[in-house]
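First chain A sits with chain B, and in the next complex the same chain sits with chain C.
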Partner chain A sequence: MSIVNLDAPGRTVLMMGNEATARGALEAGVMVATAYPGTPSSEIIGSLAEVAKEREIYVEWSVNEKVALEVAAAASMAGLRAITAMKQNGLNVACDYLFTLGLTGVKGGIVLVVCDDPASHSSSNEEDTRAFARMGDFPLLEPTTFQEAKDMTIYALELSEELRTVVILRGVTRISHARGNVKLGELPKDHRKPYFDTSSPFTYSPMVQKHSLLHEKLNKAKERFETSPFNSYEGPEKPDLMVIASGTGIFYSREAVTLMGLEDQVGILKLGTTWPLPDRFLGKHLARTQKIMFVEEVDPFLESNVKEVWADLAPILEIGPRTFYGKRSGHIPIVGELTTDRVIEGLKKALDEVYEPCDPNYSRRAKEVTKEFVSDRALGFCPGCPHRASYWAIKNALKLDDREGFLTPDIGCYALARTASGFFLSKTGGAMGSGTGLACGFGKLQEFGFDQSVISVCGDSTFFHAVMPALVNAQYNKSNFVMCILDNSATAMTGFQPHPGVGTSAMGDPAPILDIEAICRAMGAKVEVKDPFDLKDTTETITRLFQDREGVKVLILKRKCALLKAKGEKPPYKIHIALENCVGQDCGCNQLCTRIFRCPGIIWDTETKKAKVDEVICVGCGVCTDICPNSAIIKEET
Partner chain B sequence: MSDIKGPSDLEKEVLKQKLCVACGACMGLCAYFGTFQGKVVMLDSCKLIQGRCYAFCPRTTTDMEKLRLEFFDKRDFLPEIGPFRGLYITRASDKSIRTKSQHGGSTTALVELAMKEGLIDSAIMTCSNGGLNPSGMLVSKPEEVRRCSGSSFQIPPSLMILNQALKENKYKKIGVIGTPCKTLAAYKTRSKPFAENDHHADNIAMVFGLFCGWGLDWVGLEKVIEGKTPPEKVKHIDVLPSKYQILEVKTRNGRIEVPLDEIYPIVRESCRYCTDMTAEFSDISIGGARSSKGWDFDRGWNQVIVRTRKGEELLKIAREKRILEFREIESENFDKLKKASRNKKKNATQNILKKTGNGNNLLYLDPEDPGLKGLLHSAI
Partner chain C sequence: MVTLKKDPLNLIITGVGGQGNVLASQLIGNALVAKGYFVTIGETYGASQRGGPVMSHVRISEKTQCAPLIPEGKSDVILGLEPMETIRIIGPYGNPNILVVTNSRPIYPLDVTVGNTKYPDWKVIRAVIAELSQKAYFVDATEMAMNLGTPILANIIMVGALVALKVLPLNREDILGVLQETFSTQKLEINIKALELGIETINNKNN
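Entry: the complex of A and B
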């Protein structure tokens, strides 16, 4: 029984922010939900997919975020309510259509939920998507609490339907993935019937007039926002300093103020409707005090926009000069994720306050002691991961080819090619599909004398998302490189959502399998398929492909993800070390398995000075047997 | 011992300096060295400060004099051609050996005989494979020796097989057959540079050297041949005496002459720094006959230098059992050989000095080496 589907209106339950958003969508009568998996947004559509059949709604893992938005927009044009969810990079992919959708307008309410990843815990950039709202002229809401994550989703859909435009709901990791109390509402009993009214088409011309119309919608939203319950002030009438914050900024600010004991000096203006800004409401509060500090992440979005409002209003409302503190003044860091400590430092500087959370000596000693308990751990591939084997082969092939060749990876677990676990192979970074796109570029430099081997790497899910056009480009423009597709039958990094190659849909139904090999061949590319666990064959194949300097060579390395495999099958082998063969740290080895290969299933025994299998971690894939130069790793079939 | 460094230095001083002769002495010891198209590459570094790879490599700093004193009679040393106990012109008596062999088939006959006589129980050879894409091989039956016979102008890293055999410690009397670079590496291995790890080097029983002027770039030779005849039809490749200036390629259909001007660009760069024409570190060295009587007389015959008592013993048996035919040797032969050998030393030292630009830096060679006596002066 999913918590998102719980039929218990009035009950308060503990929910993840993403689940609260999903619940809000259900309560508001959403009938179509789409997304491409992207941390931290994946659970929104993920949890809706689990209850789709019960709720009789349609949920889809689309192939990329642009299509996801288009599918949701279609539902909206047919009068249904829809939700589409994505991470910041997903919005970058979808925004081409988004801006047109703003001009064509919508019918049924549609909310675009975007979850940003400050500090880029799991992304290829650090980005603040709120700028899209301003750029595209869309109303923008930012939840602070988990209750708001639900309530704002419902409000967004209502507002969207009233104004007939997309409403953007923007959260961050700590809202998406943390949990809090949410009071449930009623789940709808009825469903709408979709109908596309051809007498009222959704077109974007006449363009300039439609743009004007969009601005009118925005102004209406502004009027609504002037009295929105999502905006509020807490604190003294005339504070020494007023914090203006949105989203997570509210919690960090409240905590900082409480810890520093500044409740009587510092007020907090909470904004939940952050574009367009309700200027009358703002003007009223800007009059409270001269010192204003902005707390938000990541960019100075509120900071810049509120300054504009002040510049316009100051002469009218006779608000005097203000001192604005924030990212532009250096009081709050302009990059990275917010923390309470960062807000404390900002307040200390702005108010010239002295504050130490505890004795500095104690603080230092505490840091030293806790460091002993938790060692630094690097990101790495799981034991048994086929990518480790693929990269081992690629690493050796690049060396054997001896032409300073390099690898251009894409987005996924295999992006760990930039770490020790991936043998530091990655030499470029990019967005979805960029690994192959970049390789297309390098592959055309031959005529200028470029002779370095280039191998691009992408995954099976990435292939469908963005790499296919890059392969068309490579074939059509005759670009010379090896294109390696790591097919592990999963969209692994984001949580094993199905994709067009695996045969199941988001809602658990059988789905046609799109055969990657057949697609590549249909494009006319040279294609080979190998098993990455056969290290010798794979290495020889890649080395051989590097010698072919004509056109793109597709190599599919096919083997199931280790985590997926572990769910369904028992370990194929039991591994142990034949200590008498282990050369250890002497000439002939020096810890090849633990120092370079680095599967977490093998550890170094500092007492015997030999390798040892960690039986809890090892999944018995058997690849290590082939990399040991002294046959010291033994595998027995289970 | 303090001169011996590790793999990172090997990569820096030899592999990246184009000194590597791809003999394979660094391979087969661990998982860190690989080979492709005639090149040896380091896949990763073990990061140890000292390693057998550096110690065995024939292009790291070598004390030639010390090696000579350890394995040869001091009195036998000639600076032009190394330890010398006798020169012979021979060919294999068995005609079927000579139909396939590079010159007179003496190497094949001698190795086969040594194995039959129990002087060796196995041999590390280069298998011709018809003339292109030769490969290293361990042969343990006398009847398998002939299969390797034939031309080999590309140099496969066959010492990798030697290292694997030594590690296995199954064969206790291994014969190593190779070009001068390989035989030098074999002796460096035999000198057991590490007290705590002798690598079972005493299992090397005999070394057979092959005369060598230079080896050819692996891909380069393939391309030259491909441009003239299907590679699979090649039966025999040979460099004719210098007055002809051609590389002769015999195919199943006939004979092709390739002007040496097309070959000089594909001579391996590392070969230009080699001072050893007659494989001075061996029990017995074999090459193509070059007398003053001309090619029609010399074609199909070998010159053989004996360097040790063991080599003498084997040649004696070969004579007695009529495994080899012998020819008269003239004194001009000896002079001609010494002159050719010295010429290679002169060219090599010149090339090295051009590379380093420093009269005191002879890369892997010792300027004080008696083998280079009189050369450095003329080189500068």
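Entry: the complex of A and C
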């Protein structure tokens, strides 16, 4: 039984923030849920997919975030409640339609959940999506607790239905991927029947009138927010300083105040409804004190917008000048994620306070020891990962080609081509699909005498998400490059969600397999399919494709993700080192197997000064047996 | 609900991706929520599926939902699934009163396997952990798990060790309860064995 579907109203359970949001959607009667996976948002739709059949709702992994929003919007237009979830980069993809949807309006409640990733734990950028709410005129909610992640989802759906506009719920990694207490509510029994009323269409004309209507909706939202229970003040009646915070900022501020013993001096104004801002509520609290500090992730969103409110209200309410502390003043860092310690630093500076977390001698010694004995754990490919083999072949082919060729990567595990584990092959960074788009651009520079070889890589899920248009462009405009599709049959980085190429749907039903090879052929590209574990054949193929200077050469390197494989199969080989063959540091290879190939399954034994297989880590893929110049790595079939 | 000696009580479970860190934190968290505590778990695992440092901050309170991250110097207990990761956590989060229980088996960082740096000697690891903690326990959990048939059980052995130390308001039965809810019948028996083994190891050390 999934916790998201637990029929136990009143019971308190431990839930991930994303599960709490999913639970809220179920309690509010959501019937359609859509997403393209993206860390840290994936578990929202993932956990709904697990219970979809029991709950008799429809859940899909969409091909990308824009389509996900469109599918959810259709449900709303037919009167059903719907949820779509995405990470910050996903909202960038979806926003073209989102801004239109604001103008056309909706019918059934629809919540767009966006999970930002401050500090970019698993992202290609550090973006604060709250700006989209202001840009597109959407009501915005920011949960602090796990309970709020559930309750605000329900409220967002109700508000959306009442105002007939999309409501944005914005989480961050530290809520989405954290766990805490959630008290369960009732799960509805009844389902709505979808019906599209053709007499009230969802169009965006007349444009200016629709835009004006959107602002009326926003004003109504502001009125609701003036008395919302999601906004509150805690602390002394007249504090020396008032923190204004949202989301995780509340937790960190509370703890900072407690640790510093400032309960009688510092108050905290919690904002859960952060666009449009409730200005009367704010005005009342801004009157409390002269010093205001903003604590929020990532951009100074509240900081700028509350100052705007203060500028409007100051003359009317006769609240005098205020000193504002935050990101602009340097009291709170303008990048990265917040911590209690970062808030403590800000409060120390603003209030001229001192604070020591523990005996400074201990702290100094502990930090010294850590510095001396702890090494970084560099990111690397998993043991048995097909990407390591693919990059080994690409590396060697680029060397053989000898034209200063380079690689343009995409978004996925294989983006580690920027690191030593991917042999520093990638020379650009981008968004979903950008590897192929950029390669397409480089491949057109031939006309100006550009002769460097270009190879793009993308994954199978990425291919469907955003690479297909880039390939169409390359084919149509006759660009010259090698396009490598690293097909590992998985959306591996986000947790193995199915995609159009794998033959199952989000709800576990059989689905048509969209054949990547056939799609590329249908576009007219030259296509070959190889096994990356055959290093020799793959290297020769890429070298040959570099020789062909006309058009797009698609090479599909097909091998199942090692983690996906580990779930169902035993290791094909048992690997060991033939110590008589490994000549260690006397070999001219300069520790090729450990230092360059970098599979965590092979370690350098500093005592014997020879390679050694770590049997706990090795998954027996056998690729390393082909890289040793002295054939010292031996595989035996299991 | 037993009154906590300190509120919030802060535990950090640390290890390397693939060691079952997140599962360990969930088992402990589920057991504590069932007993009526507020539990907040903040997990840091970054982009890597396996091989990167993973830490779970587990915060237990009778009164309130805490921040998902423990402030510097404020961890009360460290449950280490890997010895170098245990030291990594002591740096920012340790204090003179900290209790440490750690697995002894190293997982070498890539920089060590490639020969760029050395993994510290076991004696040195023991000495610095002992120096920087009020009390430290070392458990050969991976070896014990391999004797049970698979190294992945080391996390459950370590959960057993933690329970035996009685620093959390949890006993053997509480964890047995969540194990029963978590594992299928065929996996349950071996996980219970692992739990018992962890408990026994600490009880033997303390006797």
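Methods note: the second predicted complex is superposed on the first by the 631 of 638 C-alpha atoms of A that agree within 3 Å, B and C clash if a C-alpha of one lies under 4 Å from a C-alpha of the other, contacts with A are read in each partner's own complex, and residues count from 1 in each chain.
Following the convention adopted for this analysis, a contact is a pair of C-beta atoms (placed from the backbone, for glycine too) under 8 Å apart; a residue touches a chain by one contact, two chains touch by 3 or more.
Worth saying up front: this structure is predicted, and the values here are computed from it rather than measured.
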Chain A as common anchor, with chain B and chain C clashing or fitting: fit
Contacts of A:Glu216 with chain B and chain C, given as first, second, both or neither: neither
Touched chain A residues, chain B compared with chain C: C
Superposed model, angle subtended at chain A by chain C and chain B (C-alpha, nearest 10 degrees): 90
Chain B versus chain C as contact partner of A:Ala492, first or second or both or neither: second
Touching partner for A:Glu308 - first (chain B), second (chain C), both, neither: neither
First (chain B), second (chain C), both or neither touched by A:Thr370: second
Which of chain B and chain C A:Arg179 touches, first, second, both or neither: second
Nearest-approach distance, in Å, of chain C Cα atoms to those of chain B in the combined model: 12
Overlap of chain C and chain B interfaces on chain A (superposed complexes): none
Parts of chain B lying in touch with chain A, wherever the complex brings them together: 29-32, 34-36, 39, 41-44, 46-48, 50-53, 194, 197
Residues of chain A that touch chain C when the two form their complex: 12-14, 39, 121-122, 145-147, 174-175, 177-181, 248, 251-252, 254-256, 259, 339-341, 344, 357-359, 362-363, 365-367, 369-371, 373-380, 382-383, 413, 420-421, 492-493, 563, 591, 594-595, 598, 600, 602-604, 606, 614, 616-617
Complex interface listing, chain C residues touching chain A: 16, 25-26, 29-30, 33, 38-53, 65-69, 71-74, 84, 87-88, 90-92, 94-96, 105, 107-120, 124-125, 128, 131-132, 142, 146, 151
Chain A residues within the chain B interface of the complex: 395-396, 399-402, 543, 586-590, 592, 596, 627-629
